[in-house]
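Sending over a structure as structure tokens; questions will come in a sec.
Chains: A, B and C, in written order; residue numbering restarts at 1 for each.
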Amino acid sequence: MSIEVVNITKSYKSFTALKNVNLHIPEGELVALLGPSGSGKTTLLRLIAGLEQPQEGSILFHGEDNTNRDVRERQVGFVFQHYALFRHMNIFDNIAFGLSVRSRKTRPSKEEISEKVHSLLKLVQLEGLAHRYPSQLSGGQRQRVALARALAVEPKFLLLDEPFGALDTKVRQELRRWLRHLHGKLGLTILFVTHDQEEAMELADQVVVMNEGRVEQVGSPEEIYHHPANPFVYSFLGRVNLFHGRIQNGKIKLGEAEFETDWKDKAVEAPAVGYMRPHDVEISLRPSEGKSARSVQAVINHISLLGPIVRLDLKRLDTDEVFEAEMSRQRFLELNVEEQSIVNVTLHNVSIYVESQPLQTHPPALVPLQASV
Amino acid sequence: MRKSLSTRGFLPGFGMTMGYTIIYLSLLVLIPLSVLFLKASTMSWEQFIGTIMDTRVLASIRVSIMTSFFAACLNAVFGVLVAWVLVRYQFAGKRIIDGIVDLPFALPTAVGGIALTSIYAENGWIGQYLAEWGIKVAYTPIGIWVALTFIGLPFVVRTVQPVLQDWDLQMEEAAATLGATRWNTFWRVVLPHLLPAIITGFALAFARALGEYGSVVFISGNMPLKTEIVPLLIMTKLEQFDYAGATAIATVMLVISFVMLLIINYLQWKINKFDAAR
Amino acid sequence: MKHLTEPAYIRWTLIIVALLFLGLFLILPLVAVFTEAFRQGAGVFVASITDEETLSAVKLTLLVAAISVPVNVTFGIAAAWAIAKFSFRGKNVLLTLIDLPFAVSPVIAGLIFVLLFGSQGVAAPLLAAWDFKIIFAVPGIVLATTFVTFPFVARELIPVMEAQGRDEEEAAVSLGASGWKTFLRVTLPNVKWGLLYGVILCNARAMGEFGAVSVVSGHIRGMTNTLPLHVEILYNEYQFAAAFAVATLLAALALVTLILKSLIEWKTERQAKLDEEQHYDVTGERAG
């Protein structure tokens, strides 16, 4: 079942949680809502479930308007961040709850419910725990019970709020793999909220990056990592270096480094910001041939040996800006540098954003530019 | 010694305050209470049983237990209702209503007693209308029931209210996403969670009602075998200088009270366990 | 949110039923006290209140409260310090023992002191030798009142002190403060509202206690008559207006108690909210 979010605006007393959000979630996909806390991702999830009402806009399931439909009739499976298992019911009764509260006409028989619950227990690999209480289970087990309880009513799709937030790293890894497997097996549309970019990248087919009540970018993990739409997405996904400079005569100058662009309006002069990943910083002992325009000199402030990779804290000699470089341990040993060494640095894959003239373009205020490499 | 010191912490004053607590507790509470049992033990078994098995004593025990039980039942039902309304709904004057729930704790029982009597007497505000229907409240067991409901009213409200306040609303949201109606959610999710608190409140109200004297004495009419409650009978025995009889009845009452206290403590412990398991 | 509440008509039905119940059982009796007091006019009301016996009952009631409340406050503070700031075996037993007077019927509370100090009591020969009367005299009333109000302060203070933990006290002691200084300057400011709360409840019960005092007083007019006992005597003599007039004094006391209690609750609630907000500022985390 596909989900369509059209022009949704939701505000509480003093602040706006969502501003004109549009989103299309295709059937059968595993989609992550990724963003920092306060970005509105949980609010969006609750709006889709019907746990909140929007001020404006509409929500469509498979083309059918569900905006004013009660949460009870939407048939969504919702898994809460802290699971919200019923404490006084055992696991069996928790999972059976959605079926056993149906009106007499639509309620399955006792045997059918029991069969369904046991097949779900098998699916979530908790056979034999049917008579335990939630307090007797580990966090990971509770999470799976919450999933089974949501699946019992055969929902149109699954919504998960920070599904692994309260678990420790090892259990989290295990459950991620398991959720992926489950998605493949059931072919259900799954939408989950997370603030952990690694989790979103690893699990999702599509990632929706949100910030301050807006959708910043939608795309595959590959797209959003390598072609971030704006500086926020760039800096939210992984470590990033930031250089300040200007655009002049259609060229971008970041300190002594210079980049060609396809910027047409050569008369425009404006501040520009360059973003790059630490692993795109190339370090050499001598200036490399032919790339000198993108090379600068820097001093090594600190060396961190992080197992297979090595991270260098550097300071540019021309602008005094500090930045990071990452390389394999092997490359580091080849270079044979130490702290306070002065090295030659070549900047690859720099994404440059120019602050546009307010009169020429309306938001977004920062437009991405593809630096020619 | 060293070990106990290290786990106890190094703050001063434990010996002094603990000693004071124990001595004061013993002098004021434990020794006087044990005198009651001491006095009871001087009676022979036949004498003791003879006193308790007296028709008038048995009748008073029956009246006390029945009226206290029904008062606690009424309080359990309306206590949950009042707590629910106070926690979940907004309406004008809510703060004042919330404050006035404790009135039976603050109002001297004798005042409550005469006020209720004046209302429910045959010429009283409510009593006159009930009299037209042929219902007598004052000077009947119904009157005792009214008085005991009054003094036990805050207990269920005050035990259920905090549980309802701390209640995780996501539990109700979860039930809603699973298709449960409001009624189903309340009946199957909220109420079972409140149950330990309701039972605790019920037990507290029941225990308080069993021992209550001041508010009942005016409205009950104190007719032996009909509207005489146990505390009143003890009082009567004392006025007749029948100390042995009073002691025997008091001992039975006290044992019942202690059992109630144990049950209440057990329930409290169970509630805490529930919360810890979250 | 629609799914978390009931339709308006159910909501209002429940509110109205709850208010009717409270109105019938709480507000109506309160109104009755004041109405009955003025039934025979303001003159009778004023005369009953300024009556000599009433005044002596007021004096005795104040005296009893002035003794038993401070005594129980001292005990409550000591018990709370020992129980909340230290860990030891048998803590739960001690807590249950402190609760005991709540489980004892007021009449039995009076009875045990009669058995101890009455004319046939355990300590009777001793008292006779010193020519000292406890039962049917003021000391008996004080004793019985202290017994029934025994747990109030301790019960309020212990949870508050436990919630405070002992970090601040340990810090104070490690900085060289004496135990007494630590209590006065660190502990007391933290628990002052809880303490006041306990004192107010303790005082209300001390002034209003009826059953226990009734057993030990002997109802001697002008001598061992507290306000609640005086109400009973007047009522039993069919002086209803006078009885209710004196009862208004006690009802006023109850109202003042409730108002103070609500104020303290409101104040501590606000404090808790402020603390919580500060907590959010520090962690900066709120569910997205």
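The rule we apply is simple: a residue touches a chain if its C-beta (ideal position, glycine included) is under 8 Å from a C-beta of that chain, and two chains touch if they have at least 3 such contacts.
A quick note: this is a predicted structure, and the numbers were derived from the prediction, not measured.
Engineer: Using mean Cα positions as chain centres, tell me which chain lies farthest from subunit C.
Structural biologist: A
Engineer: Given the contact rule stated at the top, which pair of chains has the most C-beta pairs in contact?
Structural biologist: B-C
Engineer: Calculate how many whole Å lie between the centre of subunit B and the centre of subunit C, each centre taken as the average of the chain's C-alpha atoms.
Structural biologist: 16
Engineer: With chain centres defined as C-alpha means, what is the inter-centre distance between subunit A and subunit C in Å?
Structural biologist: Averaging C-alpha atoms per chain gives centres 57 Å apart.
Engineer: Please output the residue numbers of subunit C that touch at least 2 other chains, ranges allowed.
Structural biologist: Each of 3 in subunit C touches at least two other chains.
Engineer: Listing for subunit A: what residues touch at least two other chains?
Structural biologist: Those would be 50-51, 71-72.
Engineer: Do you know which subunit B residues sit against two or more other chains?
Structural biologist: Within subunit B, the residues that touch at least two other chains are 173, 176.
Engineer: Help me check something: in the complex, which residues belonging to subunit A touch subunit C?
Structural biologist: Against subunit C, subunit A makes touches at 35-43, 50-53, 70-72, 81, 193, 195.
Engineer: Touching subunit A in the complex: which residues of subunit B?
Structural biologist: My answer: residues 168, 170-171, 173-181, 184, 188-189, 192-193, 195, 274, 277-278.
Engineer: Which part of subunit C faces subunit A closely enough to touch in the complex?
Structural biologist: 1-3, 285-288
Engineer: Hey, which residues of subunit A end up touching subunit B in the complex?
Structural biologist: That would be residues 49-51, 71-78, 80, 82, 84-89, 97-98, 101-102, 133-135, 149-150, 152-153 of subunit A.
Engineer: Name, in rising order, each residue of subunit C that touches subunit B in their complex.
Structural biologist: 3-6, 11, 14-15, 17-19, 21-22, 24-30, 32-33, 36, 75, 78-79, 81-83, 85-88, 92, 94, 96-101, 103-108, 111-116, 118, 120, 122, 143, 146-147, 150, 166, 169-170, 173, 178-179, 182-183, 201, 204-205, 207-211, 214-215, 227-229, 231-232, 235, 240, 243-244, 247, 250-251, 253-255, 257-259, 261-262, 266
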